[in-house]
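One chain, chain A, appears in both complexes that follow, with chain B as partner in the first and chain C in the second.
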Partner chain A sequence: MEKILINRLPMLTYRHLHTNETEIAFPQQAKTADAVFSSLALVRPGGSLPDTFQGASRETREAAAAGPACRIDIPDGTEQELTITVALKEDRPDYAGVFLFRLGKKARLNLTWKWTGTGKPGRCCTASSYEVGEEAVLRVSKIQTGMENTFLCDQRECRIAGGGQADFVSAELGGGDTIVHSRGELDGDHSVMKESLCYAGTGRQRLDLFYHITHHGKESESLIDVRGSLAGQSRKIFRGTIDFKRGCSGAEGTEGDYAVQLDPGAKNISLPLLLCTEDNVVGNHASSAGQLDREKMYYLMSRGLSPEEARRIAVESLVRPVIDRLEPSLQEEALQDIRTKLNHKGE
Partner chain B sequence: MSELIRIENLHVAVGDKELLHGISLTVNKGETHVIMGVNGAGKSTLLHAIMGNPAYTVTSGKIYFEGQDITELSVDKRARLGIFLSFQSPVSVAGITMENFIRTAKTTVSGRQQRLFPFKRLMKQRLSDLSMDPSYAERYLNDGFSGGERKKSEILQMRILDPVLAMLDETDSGLDVDAVRIVSKNISEFHNENNALLLITHLNQILRFIQPDKVHILMNGQIVQTGGPELVEEIETHGFDSYRTAEGM
Partner chain C sequence: MAEEEKKKSHIEDINRSIYDVKDEVEYSFKTESGLTEKIIREISEEKQEPQWMLEKRLQALETYRKLDIPPWMPDISELDMNHIDTYIKPRTDMKARWEDLPQNIRDTFDRLGIPEAEKKSLAGVGAQYDSEVVYHNVQEELARQGVIYVDFETAVRQYGDLIRPYFGRLIPPSYHKFAALHYAVWSGGSFVYVPKGVHVDMPLQSYFRLNAPGAGQFEHTLIIVEEGATCHFIEGCSAPRYNVANLHAGAVELFVKKGAVLRYSTIENWSKNMYNLNTKKSLVEEGGSMIWVSGSFGSHTSCLYPDTVLKGDRSSCEFTGITFAGKGQFLDTGSKVEMLGKKTTASIHSKSISKGGGTAVYRGVVHIGPQAQGAKAAVSCESLMLDNQSRSDTIPDIKIENDDIDLGHEAKIGRIPDEDIYYLMTRGLSEEDAKAMLVRGFAEPISKALPLEYAVEMNRLIDLEFEGSIG
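And then the complex of A and B:
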């Protein structure tokens, strides 16, 4: 199986730390499933990724680009809802595709992604480009479950004009290797981009999460909020960068990565990074990793809850701020999946 | 009155530091015991040791609850036997509502599934008893609560879980005068001949509403005096100076 390097840090650190990028086995693609759209009225076939689109690596970008491409245009001042389902099947365990979204001025799009599938080994690579116009609002909710032997790579880049907003909320619960590569360009003044993600790693799951939000516009805002638990031999690496460019005065960016390690074999690496060439900005970053809060566990168990129940509640309380921001119809499914995974945490 | 909890020569340590040096105490059903003492005397340590806080190690001595040796029992199992601790500083747990949490806990400690609508009615009644808005049922557990609201939340849990031994660690601190009265009324309504109360207090406000059967003075990890309600008056008048002198503190 080919080995590739993904999610390279924008500013490199010591090589001996082995965190600048991740080397990962990249499986071959076989038979691809189809993406299913809740409404075809908005979808036009064709189009190609912008030349500037980077993706997790050249290989993953090209893999996505080898699949079908489609355009979704939301005209000025209109509001639309769309659900895209990628369901991998036993006989078609792979997927590749390109999605090009454009929201006109003051347009709104509520977009739901559902990725699901069986335990058959496979590969799923997507590349999505979002252009959010002036004062447009993009809300994206994604749930990803099952597919415990699948290589998943979700690559997205988002460019936001003045007053525009993009809010990505994801529950990355399934997958064998789950790669997220997200870039945001806050071009316009008062533009906003939020990235929230929760996960519950079990068994030998591996999550490789990369975010890079660049502030250009004045008083622009960004948030990166990643939360979850790691059990068994699962691993997660977080690379989060907020980049304040000269001229983005008054901008504010916050990033946080919060992980609880439920087993000694679980591993977490967190690399929050703030880059800045503008004086008048506020940048916050935080990360925490460790075992469950003993005081909280004691309190919950003092009410009769078993260690397993107390752990479930403590993990749920950690990820709940992200779950609550998912599209309501996805919230219960995400919670149930987390509960199921915690009940079989080492597997 | 039958014996509920018996503590025999209990020594408790955190790491290498011994905090309790041989506590012996028996509480019978129907009784109310008050523990008083200066800051750092070991009052909270005693309650946490009874609850089974894993941060504290029992180095010697025994704890018997309804005749059963519980010295090695885990926290959750003690709770299921009917031991309850109202925390001095309750933690907040965002992500689970008060109602869901208490219903889950009630199911666990009672061993019986709690039907939704009867439980909701009970919750509403108990919130009303504590002059708390019904909307608290839908709020996350202690999340964003003031100090006083957290103390009321503890009493709410006590009333619904209905333990056999309720230990209240400075439940009256941080409460305004009206809240002390309301909380005290709830404690009084909870207390009956089949359960017992073990209270820690620095203030005497709560003791205006709750009559203790026994008062214990704890100094430097040891019970140095046990008496009746008259001890409360004595402490209020003279403080702990005489006990400090006796202990060489």
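And then the complex of A and C:
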């Protein structure tokens, strides 16, 4: 299997820890499943990624670009809802595709992504480009479950004009290797981008999460909020960067990476970068890692809960702020999947 | 008058010229510029070293040639090793009395206040001038207790069997390119040995002065604190400013044995033509404590990340550091902690200030190994931007390989809040005074960790850096 390097940090650091980028086995693609749209009225076939689109690596970008492309334009001042479902099958365990979204001025789009599949090994690479116009609002909710032997690579880049907002909420619960590569450009004044993600790593699952939000516009705002648990031999790498460029006066950016480690074999790596060339900004980072709070566990168990139930509640309370921001129809499914995974945490 | 008042309120009695006085360059021996085998053999011969040391130097040269410059480092393309004088021996031998030094060298250290500090508050002093230590002394009482504090050349000659197992053990030449350079051309530095159970109550201080333009300083510091012993070591450094690049590539290896405590304080005030590519690393055994206090103010470019290996169970480390990057400076600093033993603890507090186009980078590592059950680490990084011409980056790397740990990390970047300045101005302070006071408050946790004289020096440096920078 070909080895590739993905999710390279925008500012490199020491080499001996091997955290600047990730070397990962890149499986071959076989037969691809289809993406199913809740409404075809908005979808136009064709289009290509912007030249500036970087993706997790050249190989993953090209893999996505080899699939079908489509454009989804939301005209000025209109409001739309769209659900895209990709269900991998035993005989079609792969996917590749490009999605080009453009929201006109004051447009609104509620977009839902659903990914499901079997345990059949496969490879899914997507590349999504979002252009959010002035005062437009984009809300994206994503859930992916199952697919425990699938290489999943979600690459997205989002450019936001003045007053525009983009809010990405993801429950990355499935997948064997789960790669997220997200870039945001807050071009306009008062633009906002939020990225929230929860996960529950089990077995030999690997999560490789990359976020890079760049502030150009004045009083722009960003949030990166990643939460989850790691059990078994699972491994998570978080590479988050908030980049304040000169001129983004009044901007505020916050990133948080919160992990609980449930087993000794789990590994957790965190690289939360703050880059800054503008003085009038507020940039914050907070992260925590460790076992579940023993006092909290003791309290729950003193109320009659078993250790397993107490652990489940404690993990749920950690990821709940992300779950609650998912599109309502996805919330229960996400919680159920987390509960199931915690019951079989080492598997 | 207004200008005078400003100086009075901010500068007080500090005089920057004490660092910038250039002595006439006088030497008894000097190698050619550059880095060749011939030069290394000359240095070794001049020092009358044992064969093992020459071989180590030559091996290090080979390693230096093989290694590349790490891709993450700041741009050092203006540093040309072909124009660096790697060894300049001053025109004096090492003395044990300040009075015996040549007048110009004595005057330099007098201006820097070293003899005065020795009388008041130090248990021992070493003073290096260019490539050699010119003064070394330690209190007789400490010597009677078995404390060894000598220049490194003396250590190689007199305590070869003691230092040989430790020299290059923590920082091998392969550590990085400039560690290899260090071992090829090292000269000067200090060796400290504190026997089991001995407490060195007053600090020991080594001061490094680089006078010659285009010169490099490559001192080696080795400290061994035996079981249950304690020691506070202070390192100071300065140089006059020249138009050509100077280079500092020292190495500091610290061994903290079972239950021992070592505090290592540094106020770095190199001139702004200096490339400071220094390497520091400590190994802490069971129950031992390593405490770093670091102030980085000078240098054109600095790469400095004190590294602590918490090997023993219940060993601990604290790092408290401040970096002040002004115009034309790129100060890439931070700390590394490798937590390997059980129930180890690490506490890292880093602050940086950047202004006038300066760049301050915090680059840190916390690595909690698979066997480090019960490890606890807390990291905080605060960066203050004083204008929008400057740059401040925070690049932490946290790697956790077991579940029984507790780690918290927080970082923030911003400027002095307007409301804080406004509040102080309503109490009668000028904007400049208010900002200077707030910056001093920002730096206070570090100045509190320093001995009084050095805290005062640090505050004065901050005041000085403010002159004319606000408004």
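Here is the rule we use: the second predicted complex is superposed on the first by the 347 of 347 C-alpha atoms of A that agree within 3 Å, B and C clash if a C-alpha of one lies under 4 Å from a C-alpha of the other, contacts with A are read in each partner's own complex, and residues count from 1 in each chain.
As a convention for this text, a residue touches a chain if its C-beta (ideal position, glycine included) is under 8 Å from a C-beta of that chain, and two chains touch if they have at least 3 such contacts.
None of the values given here were measured: they were computed from a predicted structure.
Once chain A is used to superpose the two complexes, chain B occupies space next to chain C without a clash.
When both complexes are overlaid on chain A, the residue A:Leu12 reaches chain C alone and has no touch with chain B. Once chain A of one complex is fitted onto chain A of the other, the partner contacts of A:Ser317 are limited to chain B, with no touch recorded for chain C.
When the two complexes are overlaid on their common chain A, residue A:Tyr298 makes contact with chain B while staying clear of chain C.
After overlaying the two complexes on the shared chain, residue contacts for A:Ser306 are found with chain B alone; chain C is out of touch. In the superposition on chain A, A:Leu271 makes contact with chain C only, not with chain B. Of the two partner chains, chain C is the only one that A:Gly283 touches; chain B does not reach it.
For the superposed model, the angle subtended at the Cα centre of chain A by chain B and chain C works out to 80 degrees in steps of 10.
Touched residues of chain A, counted separately for chain B and chain C, are more numerous for C.
The superposed arrangement places chain B and chain C with a least CA-CA distance of 13 Å. Overlap of the chain B and chain C interfaces on chain A comprises no residues. Contact residues of chain B toward chain A in the complex are 51, 53-55, 74-76, 79-80, 84-85, 87, 90-91, 93-96, 101-102, 104-105, 108-109, 140, 157, 161. For chain A in complex with chain B, the residues that touch the partner chain are 293-296, 298-307, 309-310, 313-314, 316-321.
By the touch rule above, chain A contacts chain C in their complex via residues 11-15, 17, 19-20, 244, 246-247, 249, 261-264, 266-291. Per the touch definition, chain C reaches chain A in the complex via residues 70-72, 336, 363, 365, 367, 370, 383, 385-388, 390-415.
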